[in-house]
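Below: one structure, written as structure tokens.
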Amino acid sequence: MAIGEGQMGDRSGGPPEDVEAKFGWRYTFAKVMQDTTARWGLYVVAIVLLISAYTMIDSNLSRLTFGAVSDFTFAEALPIFDHPERIPPPGQGEENVPPAFHADGSLSNPLGTDPSGRDYFTRIVYGAQVSVSVGIASTLIGFVGGTLIGAVSGYYGGRVDDVLMRMVETVYAIPPLILIIVFTVFVSGGTPDITYAIIGVGITFIPVFARIIRSEVLSVREMDYIEAAKASGVKNRNIILRHVIPNSFAPVLVYATLQIGVTILIVAGLSFLGYGAQPPTPDWGQMLNVSHGYMHSNVWLSIWPGLAILITIMGFNLFGDGLQDALDPRIDD
Amino acid sequence: MSAEPLLRVEDLKTQFFTDAGTVRAVDGISFEVYEGEIVGLVGESGAGKSVASMSLLRLIESPGEIVGGEITYKGETIFGLEEGPDGELREREDMLTNEEVRTRIRGNEIAVIFQDPMESLNPVFTVGSQLREFIELNRDLSNGAARQEAIDMLREVGIPDPEERYEEYPHQFSGGMRQRVLIAMALACEPSLIIADEPTTALDVTVEGQIIDLVDELQQKYDTSFIWVTHDMGVVAEICDRVNVMYLGEIVEQAPVDELFYDTKHPYTDALLDSMPRPDRTVDELDPITGVMPEAISPPSGCRFHPRCPDARKACKRIHPENREVARAEGYPHRAACIKHDVFGSDYEESVPIENGAGADQQTPASATDGGRGESERTDGGEHDE
Amino acid sequence: MTVYIDGMVRKLPDVSRRYVLATGTAVSATAIAGCIGGNGEDENGEEDIIDPTDYDYDREEPDDEDAARESTMEYTQELERDEDFDPIHSNDAYSAQVYNLVFDGLYEWDAGLDLEPKVAVDMPDVERDGTRYLYEIHEGIEFHNGEELTASDVAHTFMAYQEEDSVNEAQYDMIEDAEAIDDYQVQVDLEHPYGPWELQTMAISIVPESERESEDDREEFNTNPVGSGPFVWSDFEFNEYVTLERNDDYWDDPEPYLQEITFVDNVDEASRVGEIRAGDTDAIADVPNDDWGELEGDDDVRVHISESPSYMHLTFNCRDDAPTGDPDVRRGICHAFSMTDFVESRLGNVAQPLSAPIPPITNDQWGFPLDEWHDEHYPEYDPDQAEELLDGAVDDDWSPTIAAPGDHRGDLAERIVTRLHEIGYEGAQAETLDFGTLLDQTVYNEDPSPDDFQAYLLGWTGGPDPDAYMYNLYHESQVGVNQAHFYEGSDSFHDDIAEARELADQDERYDLYEGVMLEILEELPSLPAYSFHNTMASGEHVRDLHAHPMVQQNPRPVSEYGNVWIDD
Amino acid sequence: MGLLRYTAFRVVQAIPVLIGITVITFILANLAPGDPVRLMLQGQEVDQEVIERVERQYGLDRPLHERYVTYMVNLLQGDLGHSIHRDRPVTDLLIQRAGPTLLLVISAYAFALVTAIPLGIIAATRRNEPTDHVSRIVALIGVSTPSFWIGIMLILIFAIQLGWLPSSGLVYPWRSPAHYGYSGYLELAFQTIRHLLLPMVALGTLQMATLMRVERTQMIESLQGEYVKLARAYGVPERTILRKHAFQVAQLPIITIVGLNLSTALGGAVLIEYVFNINGIGRLFLEAIQSLDYQLIMGITIVIGTMFVIGVIITDISYAYIDPRVTYGDRD
């Protein structure tokens, strides 16, 4: 069946299929920087990426070097940071402290603490790494899987195309959140974990990428140099890898950027329901899961992670929109 | 010719205000259209032909704007400015309002045939219903009568089985057939003037011939005036009575068609004619115009054609010639904007020729404008309105 | 009747809520709560752990009785009902909350967990060394179908559990026979003396024999029950709501004011609190700890609380192959974190810390010296001692898993693990699991390896008899059914538990249980954690509502101690 | 091909996908951890004999492919199996729970369409003016915010702080007013809307924002179309151009996206039903997952997948109905 009519890419907005293969990096970058909103998007993305890279290195280094979680992390060298997973010992530290601007708040916990007494600001900052790495990792899975399936399907056509496309449509037909939860719970044997979530999300994104790549391949396939390669006896596999895929890349790359935002949204939902990141990992969705129980007693616990998600996804969307505009001459705003 | 022209355009200026600067798409053109004649508007793409023709209907969209000049149609002012008490320009009181232009001019007085028949029809409505809608709107006919008129018109423009095809959608028509529909649309509104904006460009040559013959025939039958916008001198020769040659927003030559071809007064027209395939010449003799037309956002100083002009001299860089009458034929003036003609009284003859050879080919629009507009002298003493 | 509930599975229903019971005669309630959690006050003089008796509201009477008799109430339960309303087969507290209003008990509990006669006229006569009980019942009690409740209905009820292969059969399998002597006298014979009988087992809901003769009858009866209670079954939509109407011909006093009561559920606690704050429902069950203050401070809301026989425990894998088979390791873990601190900071409004394997309210019937035990035996937070005990007893790369459901128990597991990390056992991990998975991995795990779990956190709700806890949670016969610590214990440990169960003499039972409990505190096969209170919140317009210690008795709209009406 | 035949054609085309959905769910469900029988008998002392009896009863002793065939045969007769945890037929449960979910999803869509289309058009016609900027920012926030978070915030603001709207649950318009103690159908309708408002907005915001972005882009594109220029040149009033000439063309992609986004909306319903305590399929799904009620999980997944496929078919058919360019049949 014809789910999507080639417009599956529209899940999150503008159709990417007409993007021209005009893909000079500098040109693109310059165009993105020209647009005020896209530029802000880029800044946000850059900041979030930097934070996650920093916290990732920091937490890994401290684990490798010092062992115990309670040991020194570089972040703690800065007075505003605490360790994201440390619970203050009995008698020290307080639970559910409101943000600093609140009458009962304190400057040492600018955003307050969570119900276990952990510094919320630190946790929000460290939460970036989970969202971002999950976003990127699962988009990558979808991207690679989709590219392979789409390329093979589009290149060979016929039966292969039929079978692959039916499979892809089947995966697409089950709403991602539901498919991912079923996948996560069953495959993990009832102990969900962020790894399963990443793989699950990646799989549900394969169809979208496959569809885009396939339609690109269908147009690339007819081009002269492919004919020439075929005629000169180059193997199918090599044609696909060396010629077809690289030439179909541009629109998918744009789409991938936009998709990272969608991924973060879905993973937030998963973690909120308890099927994504598990405690005590600081993850925004997981923090919303915990803070949901405190929505009446400490509203701020729900507000901060939500804002963090909102800003991050907005950054990716703005940047993706800018990238799309830069690569797609159809509409100039 | 003594009669009042149907349409008079005087010093029309249309500009686009973009982030990159002001684009003077139409920069002070004047021409007339008399009843029953086909007037050509010729030039390369980007010369401002389409903007000029859309200006006549006040169909210029933001960021474009008509900034000066006067358009008079059958004695009514489609566009006209006057100086207010504080010296600022304001719209004249007798100028038609937007609503008046829409209801009294567009369609029923001046109709349009667009360039791209594939895109001009709305894909989700039947051909007939679109035709009928415009007829109803412009001719005050009842629904049924408009429908009958539409079918008659379709037959008139040579569409077989018009009753059936009336119910069909644009995608079921070929390009030529769609252009016939557009022609039927224009004629059915019974306007006095039809602006045909490159109506045959998108069609292949045989279809183009058929369409031109059809228009020729219908024009004589209905005695409608046409403004025929094209870049193709061949079409001009075939169909037009009088021709305006446009270059970079200006009319550089204006003459009855025969005069233009046999007594060309402007080097640009010459170049256009040389670049046109003609039965009396071999392919080898084709001589494309050197260089590319600069962008209207930064026109060259002096004569705008001078960077590409084989006859250019130093004076051409300086002097910006207006379109002056250099001869008269068939009762119409033959105007040209080139200072090599005596009426300009310039120092052309004494000026040193400029080498516009292979080097000029490479000249980018930007470098062609080095020195800027400030230096240019206008022979008409006109004001820059920036 | 007999009910046990596995403690407080918060967010969504789980497969196994259960029951078990006991009875009692006893001591009046004293608030032990405050004494256990250290000084009970922090520096600001605020109490960290609230005292439920502070929330004993005075009785209220309506000014306008007629208006009160017009009132209707919606009660939002905290979990979905299984929708089994036949007391013989029903196995969940939330269905029980409904059917307890439809049926009358032979005996019913008062607010101190004492049994009081209801259908029965008085306490039973005991004969044959505690194996024969004679009951006399009130005359003139009518079922909702108009038939009289007679002794044969009572006998039928006692026997039905076994005859119909009820899931509750195990709690009644000591009954040898029950028969009506005349219309108003019943004789029940037991196979052996049964300790908990008088404290809890004989509190059964009487069902009409005539309505449940065939399998089909019982099927119908299960979702359209007929009892003799103060409310009559009215309307029911599976998994949506149950509505009961006042029984205008109720045989006993008082007759309810409420004309109608509807039970709905909302399993999400934040959403439930939202409902009561927004005034969308009249009362909700189970107030979350952190919303207590918010609701208490809300002028439109009244909070209700009662101690309950709930019991949370941290139980260890005591098999020899597990490091936690070593009592030093168990004690080391217990010293590594502070239970008191956890309860004070996370659950201070809705729970109290424990010092023995029975909840304080159960002890109200028995009077074990819990304070003393706490001081002498309960492991307090002492990281140095923890390190000392663990050092050498386990390897440095020891990586115990503590499994728990994803609620407050998950938080506790996380807390314990963090503390173990702090003293250098970096490999310790908390595993929060769905309830079904958790049970599979722990209790139902026939051969649990040290990798499956070295400790787990679960809960149990019993009643006034210690047997509910001792037998189910510690006796070796219950391994793989209710627990999985595989604790072997001293020579007499399991025998004593079994013996206490089959004794009628409560003093002898006291002595046996004292030894068993002290051994548990000493050897720590499991660490008593905390006991949840039963909480409710109601709109201010809901009057004369009082929380009951047994969760299945709430919201208890009508009793000798309260008669709820809505004051609009 | 006529519209009817096209419909039949699309339905036939959907069959492999529907079968695919059953295969995927069946395979996933049979990877279920733990022993379903033990789950079923939880809390009871079981011996091997009982386990085997139950296995036979549920056919769990037979090979996977045989079980699949049995499952499919039953499925075709409308039997989706038996919920172990709830001890009820899965089909009954789904029928009972489908109403609230459909009510929620459909009203969220209605909300999204009713707001997105006018806003998109306004933004397109006032391009780069303040109105446009504001609505674009709203749309951007809309596509960047988790729906459940919007739900939580709406509850806190409108139900708790302001007390204007209920915080949870739905009032079903198909029940009698008497059930709720309402005076009549008018009050029933009013209360239905009051209860629906917050979850509808929470679930619909993402759809609204997505549709609005597409609507704006499409309208801008459509307004630049030659046919709009032509209509202007023939003196068609601007309102007619907007409402008829440009609008009709711009709606085509919207229809497709409405169908495809059904997948997001159905997934979002899980979260929204959880946050608002709505007894729909979404919450049933979460409960089924919690209790590993695998027959129920399979049933729900298949039904939701089917709902999506039906949704896409409906939108495809309406697309074909509106867009004359679709030549029924060779469109894929």
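Note that the chains take the letters A, B, C and D in the order they are written out, and that residue 1 is the start of every chain.
Here is the rule we use: a residue touches a chain if its C-beta (ideal position, glycine included) is under 8 Å from a C-beta of that chain, and two chains touch if they have at least 3 such contacts.
What you see is a predicted model, and the numbers here were worked out from it, not measured in a lab.
Taking the mean of each chain's C-alpha atoms, the chain whose centre lies closest to the overall C-alpha mean is D. Per-chain Cα centroids separate chain A from chain B by 53 Å. Taking each chain's centre as the average of its CA atoms, chain B and chain D sit 54 Å apart. In whole angstrom, the spacing between the mean C-alpha positions of chain A and chain D is 23.
Taking each chain's centre as the average of its CA atoms, chain B and chain C sit 92 Å apart.
Counting only residues that touch two or more partner chains, chain D has 33-34, 152, 155, 160, 274-275, 286, 289, 292. Chain contacts: chain C has residues 268, 270, 274, 277, 434, 436-437, 440 touching two or more partner chains.
Listed by chain label, the pairs that touch are A-C, A-D, B-D, C-D.
Residues of chain C that touch chain D in their complex: 11-16, 18, 72, 80, 82, 91, 167, 235, 238-240, 264, 266-268, 270-272, 274-275, 277-280, 434-437, 439-440, 444, 481. Contacts from chain A toward chain C in the complex involve residues 67-70, 85-87, 89-91, 95-96, 115-117, 189-191, 274, 278-280, 292-298. Within the complex, the chain D residues that touch chain C are 33-35, 38-39, 42-45, 85-86, 88, 93, 96, 152, 155, 159-160, 163, 165-169, 179, 181, 274-277, 279, 286-287, 289-292. Residues of chain B touching chain D in their complex: 57, 59, 102-103, 105-108, 111-112, 114, 116, 119-126, 133-134, 137-138, 169, 171, 182, 185, 189. Taken together, the chain C residues at the contact with chain A in this complex read 268-270, 273-274, 277, 288, 290-291, 293-295, 338, 340-341, 345-346, 381, 406, 410-411, 414-415, 418-419, 421-422, 424, 426, 430-434, 436-437, 440.
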